[in-house]
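Naming follows writing order (A, B and C), and every chain is counted from residue 1.
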Amino acid sequence: MRKCKTDALDAVFAEIAKSSLLYIPTDTEKGAEYKKWSDGMKMSNALNTVRSPKDFFFPQTEDLMEFKVNGKEIEVIDTRSEKEDFVVFGVRACDVKSFEILDRVFLIDPCDSYYANRREHSTIVSVACTRPVETCFCQTFGIDAAAPEGDVSCWKTDSEVYFKANTPKGEALLAKLEGITVDADDKDVTAQQEKTREIMKKLPLAELSADKFGAGKTEEFFNAPEWDELSESCLGCGTCTFVCPTCQCYDIKDYNTGHGVIRFRCWDSCMYSDFTKMAHGNPRLTQKERFRQRFMHKLVYYPSNNDGLFSCVGCGRCLAKCPISMNIVKVMKTIGKSE
Amino acid sequence: MQVNNGYQPKIVAFCCNWCSYAGADLAGNNRLAYPENVKIIKVPCSCRVNPMFILRAFQRGADGVILCGCHPGDCHYTSGNYYTRRRMALLFSMLNFLGIEKERTRVEWVSAAEGAKFAATMNEFCETVAALGENKRLEDLRCKR
Amino acid sequence: MQKVTSELLVKKASELLENGTVTRVLGWKKGEFSYDLTPAVFESGEELIKDFVFSDFSGANFSKYLIKETKKADGKVLVFLKPCDSYSFNQLLTEHRFDREKVYAIGIPCEGMADVDKIKKNVGDGIIDIISDGDRIVVKTLYDGDKEIAADDVKAERCIVCKSKKCVAYDELLGDNGEVIDSERFDEVEKLEKMTDDERFAFWQNELSRCIRCNACRDVCPACTCEKCVFDNPKSGVENKAISDSFEEKMFHIIRAFHVAGRCTDCGECSRVCPQGIPLHLLNRKFIKDINEFYGEYQAGAEIGSRAPLVNYTLDDIEPVDAVKKGEADNA
């Protein structure tokens, strides 16, 4: 484990930025956002960013290829550019976990080369939470907010910042910081972790359990009568899916520029009426079915295909942002019949 | 016509079938010159043009959009252009509110007898837009690739 | 703090359920925390007692739900209308969007709703509970104990500039009806009008660039009730979910606001639900302000059956070129 003084964080950023792009969460008028680091930019102390960091690997809109029409010729252009190495600094434990969930979708055969390209060029520096809030429930899914994963894990105490490399990429990054950091023991980190874990136990959603859900539970929950009342007031907007770090559905579309075609993909939302629309029409005709799809996917279908791993990380973004305050916690409690 | 060192703005002109399009015809018959970069789109009535048409024209590369219809009171369908007038008043005011140059949009009433007015309007509108330069604030970069 | 209590509304609703006047009740349902109430349909007195809440966080406007709810079953549905909701209610009736006979409406006074984001900004993270006490709000926090703030400091923007305390539609009214207020709701719009083109463009570019095309503003809007929105039609060639070009964002927001121009009651739901905090209501208010200035004062939903300004005209309406200039003249 290595450490540096909190004041030296600017130097750490400067050092990292010498060899790669660096993104850190920084405060804006409307909450914290990841921004490209530039000299003097301060890292946000907010618990989390408004938008999740999934954009780094799976951007909301991305061009896949371009077709140019020239008389009777059609030229196919690969619009991909070789990605520069980049570091995302300050990712919380829940969001780090979301990358694993996305990896299992995009990196299995057939591998999504657009996603893989970005993943390969990235180094993730996580940061441990010390002040979780009422909407946090990462522990429900076995995530330890005090021990985040990532290529490098990082803990910020009042006066110092501790670093621990977890992967060869992380070690390479810490090697670059050798001049700024010094060796450290884990005494202060352990103390901080214990304190955070105590706080986690006292959170309002600490008791929330996902035990009732998981692989193979489709028949048990699919026809539950509670879906009616839960989805009753759903507006059918895409807020929950677009702020979610693990929602991974996308649509591929063509845009006619008048002299060619741009083929792009963009996030899709199961809440939308044109989601998975096919030649025969839409397989999910009512909002209830679309609503059910989202939560069944997170709690049952995904675990069924991925060794029981849930595709929710308990970051709490949907709890804070849903226009009608309907969310996965309320669904789990109602469908799972627990208080 | 060349203005501003060769820069020619792209102008889209929506013209109603009954007055303004005939006005444009008359301008042609009378050999009155107006810039060839004015592209006329004929519509049955000026009130056929909804706000999306205007925005779409900008998206597809127009630098200025002008809507021409019968003079108020002379609409072939009695009242179409009265609705147009309200719609465009609000739309143009909104575009201005969003910081888009107000000179890029215009409504002009041109009758079938006003070939001269049509040509003069187009010449003048073209010059105004040319002075503003390319439309940057309502452009769609995808269309410019 | 609200003058009418949850208890009073539960009592009222239970009575109406019991005597058969209504079969269902639209209300705000208790959430996990004190601020996350969900619109819900209640069917019994027990459900109401258990979960019905009317508080500073009952901001959701139920008028639009009536379209779906009145089609569901026979029997009336009870709806509680805050003054601003009642304007949306009237506007929907004007457009024949639901059957008035199937609704029993109770008008309730509103003291203004709280904005939880403002509370979070004020007291910091980790809100365990929020208790209203007169014009003070006590916030119990995870880290800093109890914090007391003035209710006025955390009022939602739309409530600070409330346009009317008067319920304009109801079968029954609880308490006294309020008055239409000479509000300052156009001040923000005027501030923008006074800026230069460049400043205004920069302002909106910055705001709209945050849009994530979640469509929440459209989906919550009581005036947006098309069976199929043009933005949901893939053949229309417009984007409904991708943030593919800044042009698309501008087009969406201009068209969204334009389509409700003259029908928007300025209930402010669009800005309330925006996950990115974009002040969408300013676009709607610009249209309302222009309509008032060009065609005379008009409040959508103030009365049933009024003719909206965009489906109306006079022989001597302002010309578009003068309309744009009028905004300019005010600047000088």
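We take it that contacts are C-beta pairs under 8 Å (C-beta built on N, C-alpha and C of every residue); 3 or more make two chains touch, one makes a residue touch a chain.
Computed from a predicted structure; not experimentally measured.
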{"item": "By mean Cα position, the chain sitting nearest the middle", "value": "C"}
{"item": "Farthest chain (mean CA position) relative to subunit A", "value": "B"}
{"item": "Centre distance in Å when subunit A and subunit B are each reduced to the mean of their C-alpha atoms", "value": "47"}
{"item": "Length of the line joining the C-alpha centres of subunit A and subunit C, rounded to whole Å", "value": "31"}
{"item": "Rounded Å distance between subunit B and subunit C, as computed from the means of their C-alpha atoms", "value": "37"}
{"item": "For subunit B, residues that touch 2 or more chains besides their own", "value": "142"}
{"item": "Per-residue multi-chain contacts in subunit A, two or more chains", "value": "255"}
{"item": "Per-residue multi-chain contacts in subunit C, two or more chains", "value": "244"}
{"item": "Contact footprint of subunit B on subunit A as seen in their complex", "value": "66, 255, 257-258, 260, 262"}
{"item": "Residues of subunit B that touch subunit C when the two form their complex", "value": "51-52, 55, 58-59, 72-73, 79, 82-83, 85-102, 105-107, 137-142"}
{"item": "Residue numbers on subunit A that touch subunit C, as the complex places them", "value": "30-31, 46-47, 50-51, 60-61, 131-135, 199, 202-205, 229, 232-233, 235-239, 241-243, 251, 253, 255-256, 264, 266-269, 272-274, 277, 319, 321, 323-327, 329-330"}
{"item": "Touch list for subunit B against partner subunit A, complex", "value": "60-61, 142-143, 145"}
{"item": "Residues of subunit C that touch subunit B when the two form their complex", "value": "189, 192-193, 197-205, 230, 238, 244-248, 250-251, 254-255, 257-258, 261, 283, 286-287, 290-291, 294-295, 309-315, 317-321, 323-324, 326-328"}
